[in-house]
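What follows is one structure encoded as structure tokens, with my remarks underneath.
Letters A, B, C, D and E mark the chains in the order given here, with residues in each chain numbered from 1 onward.
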Amino acid sequence: MTKVLDIRNVETFYGAIMALRGVSLEVKEGEIVTILGANGAGKTTLMKTISGLMDPEKGTVEFNGENIVGKQPDHIVRKGLAHVPEGREVFPYLTIEENLKMGAYCRGGDIRDDIALVYEYFPILKERRNQSAGFLSGGQQQMLAIGRGLMAKPKLMLLDEPSLGLSPLLTQEIFAIIKRLNAEQKVTMLLVEQNANVALHTAHQGYVLEMGRIVMAGSCEELRKSDDIQEFYLGRQEETQRGQKRWKRRKTWR
Amino acid sequence: MELIQLIIGGIATGCIYGLVALGFVLIYKATEGVNFAQGDMMMLGAFVALGMVNSEFGALPFIPGVILAAIIMGGVGYGVDRFVVRQIFGQPHFALVILTIAMGFVFRFAAGAIWGFTPLVLETPFAGNTLNIGGIIIGYEDLTTIIVTALLTLSLWAFFQFTKLGLAAQASSQNQMAAYIVGVPVHRVNSMIWALSGAVSTIAGVLYASKGAIDPNIGLLGMKAFAAAVIGGFGSLPGALLGGILIGVVEPIAARYLPGGISQMSPYIIMLAVLVTRPNGLFAQIYAKKV
Amino acid sequence: EDGVTDTEVKIGAVHDLSGIFAPFSVPAVKAAQLYFDEVNAKGGVHGRKITYIVEDHGYQVPKAVQAGNKLINRDNVFAMLLNLGTPMNIALFKMMEPKGIPNVAPLTSARQVLEPPAPWKFMTGSSYYDGVKLASEYLAKEQGKKTFCLMYLPTDFGKEIEMGVKDGAAAAGAAFGIETQHKPDETDFSGALGKIKEAGCDTVATALGISQTINVIATANKLGVDVDFLLSSAGFHTVVAKGLAAQGVMDGVWAAAGWLDLEARVSNPEVGAWVKSYTEATGEKFPGTGSLLGRSAAETMVRALEAAGPDLTRASFIAALENLSFDDVIMGAKVAYSPDSHVGAKEIFISKVENGSWVLVHTVQ
Amino acid sequence: MKVIFKTSYDNDIDLHEDWWDRGKMIALVAVMAVLPFFLGEYYMAEITNTLIWSLAGMGLMLLVGHTGQASLGHAAFLAIGAYTDAALMNVGVPWLVAFPLAGIAAGVFGAIVAIPAVRMSGIYLAIATLALFVIVEEAIIIAEPITGGVGGLFAPSITIAGIDFDRYASLNNFYWLCLAVVVLVTWLYANLMRSPTGRSFLAVRDSEVSARALGINITRTRSLAFGLSCAMTGLAGALMGHFITFFNYELFSVFISINLLLVVTIGGLGFIQGAFFGAILITAVPQLIAILRDGAMSTLGLDLSMPGLDTLVFSVILIGFIIYEPTGLYGRWLKIRFWLELFPLARRDMFRRQKTYLKTERMK
Amino acid sequence: MSLLEVKDLAVHFGGVKAVDGVSFSVEEGEVFSIIGPNGAGKSTIFNLISRFYKPTRGTIKFDGRDITHMSAHEIAPIGIARTFQNIELFDHSTVLDNLLMGRHTHRNTNWLQDMWFLPKVRREEREHRRVVEEVIEFLELEAYREKLIAGLPYGVRKVVEIGRALAMGPKMILLDEPASGLSVEESQEVAYWVEDMRRDMGLTVLMVEHDMSLVNQVSDRVLAVAQGQPLAMGTPAEVQSDPQVKAAYLGTEVYE
């Protein structure tokens, strides 16, 4: 399998704050790779660095063999990458349909079928197709953001917390869609998810990002078995009564 | 009768305000920034056109001269965005206000240095010709102004409504990050809109020049055009035109029928009245945030 | 004395080089500077080169005060020449008064710059007031005009002209109709013209910007408002005649000024040479009001410095200026100061537009 | 790098974190106070002017920088201050009474105007205040008996307890007077910003939705900010009147409003200090350019007397500043200070700007 | 008498019936959760209670008072605090200042007193600060006290929002998806906090949440809504076993 994405030693700053401290990871074609990590670990920063929304200070990001560091995001997107960002980021004054059309901005040709497909996934969007996206509920906007990402028909999809604010039912559906796209259309996925349980069941490979560094990597099966993962990401409870003593076990990799 | 005459003249003047206002709105629609040098771009456009057309300068025929001027000003607009405005991409909008105020000074200096400060008269084919329709006298330049403005507003409106680029421009203004990640080359789209705005201000400048003489200070008109855009609800193309016409019509009517001091203030009073009743202008797309 | 050495004399000025009155200031400064350059090239005045320090205030009073502060307290200029703007001039007076810095040929319209009279206050030309007053008298008496109206900007310049027309009309027994106020950024005058038509005026004095003046007259012509226009020296500009011709207005426009239109006089070798050197140096098409005033003021300054002798002090300079009298060829007018009169040129020329040119019709002393 | 051990909440509540900071501020004021003993008339006049502009700048800063309301009409409030002060003094009211009244008059007028204006925001408010400015300008011309109309009026000179504070006759006294006013107003302003009132201003600026959820009455808060801002500007106007001594309506042009806007933005929106930085920039840099130009001419023989070149250079400098530091001089100053504090540890690229993106501000 | 009584509440936006006849009441000291599919109208119910939206019909009573027609800024003083689903913080202020802004309803000084910073102002400031520090300690925000919101990760911001609402010292707190975007570990903490709010602070909690384990853990009663209409109400277990709720909202958990 060829590497779609090959990240080497990336360091990204917010002014003086170092958010990524030398991250390396790779995504092979046809894989679903997930990145786990606590709050503020730098997952969003990593995604933005890949899609060119932020410039790393050091390191290389190779997408299909081309080093894309320093390229404008639109250039990278045109190469076949779609980024579904954290916090939805829809176009509030455009209608839902226009938002979806914007998703296919880089792609010529007939997009009607694809819009129909998105509507099939998320029927509520069809109902509201001519309404401004700004009025949608949080979860509906999330559906729209994902739908917009799908419209690009990308080779590689970056999904930053796709289940944020979605109902349990929809979360299941989203992950089913992700799996289906991966299986049927060979879309490679890089997935950041707080719902580690689902993520680790959906993805093939996983990385754990903490404080801007990769602290653990492996296949999802391996990761699921790790104690640390179980404790901190899967919410395995020591047998305590509800509301009783809450002590924390220290993470072993620090 | 006289009233109709006044209204028609007012509409023509208002169309010029409207045209300059269109320049404001274009840039606002694509970036949500306000270009305080819009009036000065109109001034520069008028001078460039004069440089093309007038016998002592370029001596080109009128229409090709104006088209060439519009193209040159498009280039100026593009350059301004490419080399200056882009440097502050993503920064708060206030930065652009200051940047463009300063740029206005630069434009005025440039015009003064190239064409001098003595007023100059653009040689137009319509100067002095009038049309008499049942006692109502319409200058050719007024007629041209009205027609050109209507066509321009319509086509710009269609551009934003129906073209992919127009949609992309609006998207960029609403969320630059999202626009980038769907593949809109936001930088380039912005530059293109600035270029368009430069061309539109040239047309406005030419039509303005056809009514009198021009000097580097005519950019002052930008303030009124700004008011026009605001009345219409910044960001609405038809609104800008309507706002311009409203001011344009109120002015002469007030000057005709109201005592001195008041007629001076009338456009501003009307504007305040509009804003007090509709704080976001007539057609603004502003909603309360959904939380 | 301040600003004077054996090799140099410093003259200061505050100007609007970037604001709404730049069309006056810039040509004036250029013309004055050119003249000084010429004089300096010939060795200066009594061996002193003239340094003309010009500060920009952009027609903002606070900046003018700063500029004056620099010129007076830092550069220690000997005199001020061509300060532009009434409020700017007056705001600087208090700073100039203790040192008695001569204020020569201020570029303003208001007679306020001579008030209260002081030895160091001078003014070039007859004021707008005198010009317009005499011209309205002439129009009433000789051209049979009966009712005067006025379109003006509410500035000191406008007020000056307002007084001029009213007094002139009254003196000649003509009536004064109505006046309409305007703004510098106004572009549609059809309403005001309607009012004027209704008032039955046959002559309209204007105190507006140059573009506005052209616009008003052209609009009147277009709408068939049959009136004559009387412009002050601020509107007495070759471009006005040309611009009006382009709009099809060939007559019915009068102007009162302290000088003659250049166009007709370029045949005069001295005038021709100046026009040529000015247009070459500046790239402008033709010298305008500002350049004329600048050139004339510079000449006045140089002549006064010369007359003051090698031992230059403010007292000797003022004495020399008070006795200065010469024919200003470029203006086509006589300039004469005296201890009683700190106003230089007193002649008024009344000209008329004829087919795109100004033609002199009358001279009043 | 300085480490502060905070031992009580007062460390945060006080204006200065510790005595070192407080000492620096006291030293600054002390140096300002003794300046007249060292500097000549030219510099004293310039510094006085800068102080007055800082005061006016603070007025606009409260509005634009701290409550997020734009104004293109603040020259109107300068005018109201200047005319009220001069008119009251002309009928014999002593300066000590006339001056605060000038501030109050401008403030009350501002607060009244604010009632309809608070529903507007951004450019809409900017243009509405511009309209207001035009109306005030017209009113000045019409109210000739009070304002001298087009002709203008002279500001009477100030005497307090027999001591002369005239701008020309005793410039140093006038300077000290301005300094005292500016120090007092700055202190009051700083107090306001560390109190609940100041926080409610910031709340309204940053998120109206949250502000309402926190129980902040947006209309009241904005009107209050408007009124206070106008009052400060009015005080500055009164001083400006005395400084310039003669004025008519043309002093208060829209360009003055624009200059004030430059002061607050270039200085640094949202920082009181920004008003001072901005005022220094707007008053000193043009002078500096002029002086350098003269210097270049006399020493290098360069002729830079092209009309308008000074203003061009100033504009280009403005453009440079904005590009270099879009968030204002004070922001840059903070960075420089931080860098110095860290000194050997600081990285050069520490303040490299990361790409930033804007979102629509049409949703409030 | 219940603390909050909502009767037949409805709001329509054009053709969209966002909320359409919802009634429920919340007892003092109760944790009451609202669940439902996306777009069911949960946030809208919150917006109606905090008076951001005007109801088309229905009444809202809080503490015996009819608040249906109050202004939005009058809601906080009577003791209702809320958080926002999409995070609405003051981005250019520090965490500390954000929390202090939460104290607005407890200020007793006016701007004139503030301007001169009278001793009373200082006393009050100390008191506000003390309360805020308690909140900081409770939510373990010490590390972020002086940080600007703009530079904080999503998860921390969510917590600051809760903190700001707590700083208001309310009787009832409305939490709109407090745990969305939080990791399992962090949502567990939210669960503890909610319990403490109820137990130690005596607060009434009204919560919207999609994380069912959190809902189960803390709620006394749950209301399920769909398309603006109530679907089921009862204990967490009851509601979750409701077939309609299952079909519209829960689906089938497939993992573990």
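By definition in this document, a contact is a pair of C-beta atoms (placed from the backbone, for glycine too) under 8 Å apart; a residue touches a chain by one contact, two chains touch by 3 or more.
A quick note: this is a predicted structure, and the numbers were derived from the prediction, not measured.
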Shared interface partners, meaning chains that touch subunit A and subunit E: B, D
Pair joined by more contacting C-beta pairs (B-D or C-D): B-D
Averaged-CA centre spacing for the pair subunit D and subunit C, given as whole angstrom: 37
Whole-Å gap between the CA centroids of subunit D and subunit E: 41
Whole-Å gap separating subunit A and subunit D, where each centre is the average of the chain's CA atoms: 47
Subunit D residues counted as touching two or more neighbouring chains: 141, 209, 307-308, 311-312, 355, 357, 360, 362-363
For subunit C, residues that touch 2 or more chains besides their own: 18-19, 22, 26
Contacts with 2+ other chains: residues of subunit E: 43, 52, 84-86, 88
Pairs of chains satisfying the touch condition: A-B, A-D, A-E, B-C, B-D, B-E, C-D, D-E
Complex interface listing, subunit B residues touching subunit D: 32, 34, 84, 87-95, 97-99, 101-103, 105-106, 108-109, 112-113, 173-177, 180, 223, 226-227, 230, 234-235, 261, 264-265, 268-269, 271-272, 275-276, 279-281, 284-289, 291
Contact set on subunit C toward subunit D in their complex: 15, 17-19, 22, 25-26, 29-30, 33, 52-56, 58-63, 65-67, 69-70, 73-75, 85-87, 90-91, 93-95, 98, 112, 154-156, 158-159
Of subunit E, residues touching subunit D in the complex: 50, 52, 71-77, 81-82, 84, 88-93, 96-97, 100-105, 107, 109-111, 114-117, 121-122, 124-126, 128-130, 133, 164, 168
Of subunit A, residues touching subunit E in the complex: 14, 17, 38-41, 44, 86-87, 124, 128, 131, 135-140, 142-143, 161, 164-173, 194-198, 201, 232-235, 242-243, 246
Subunit E-touching residues of subunit B, taken from the complex the two chains share: 288, 291
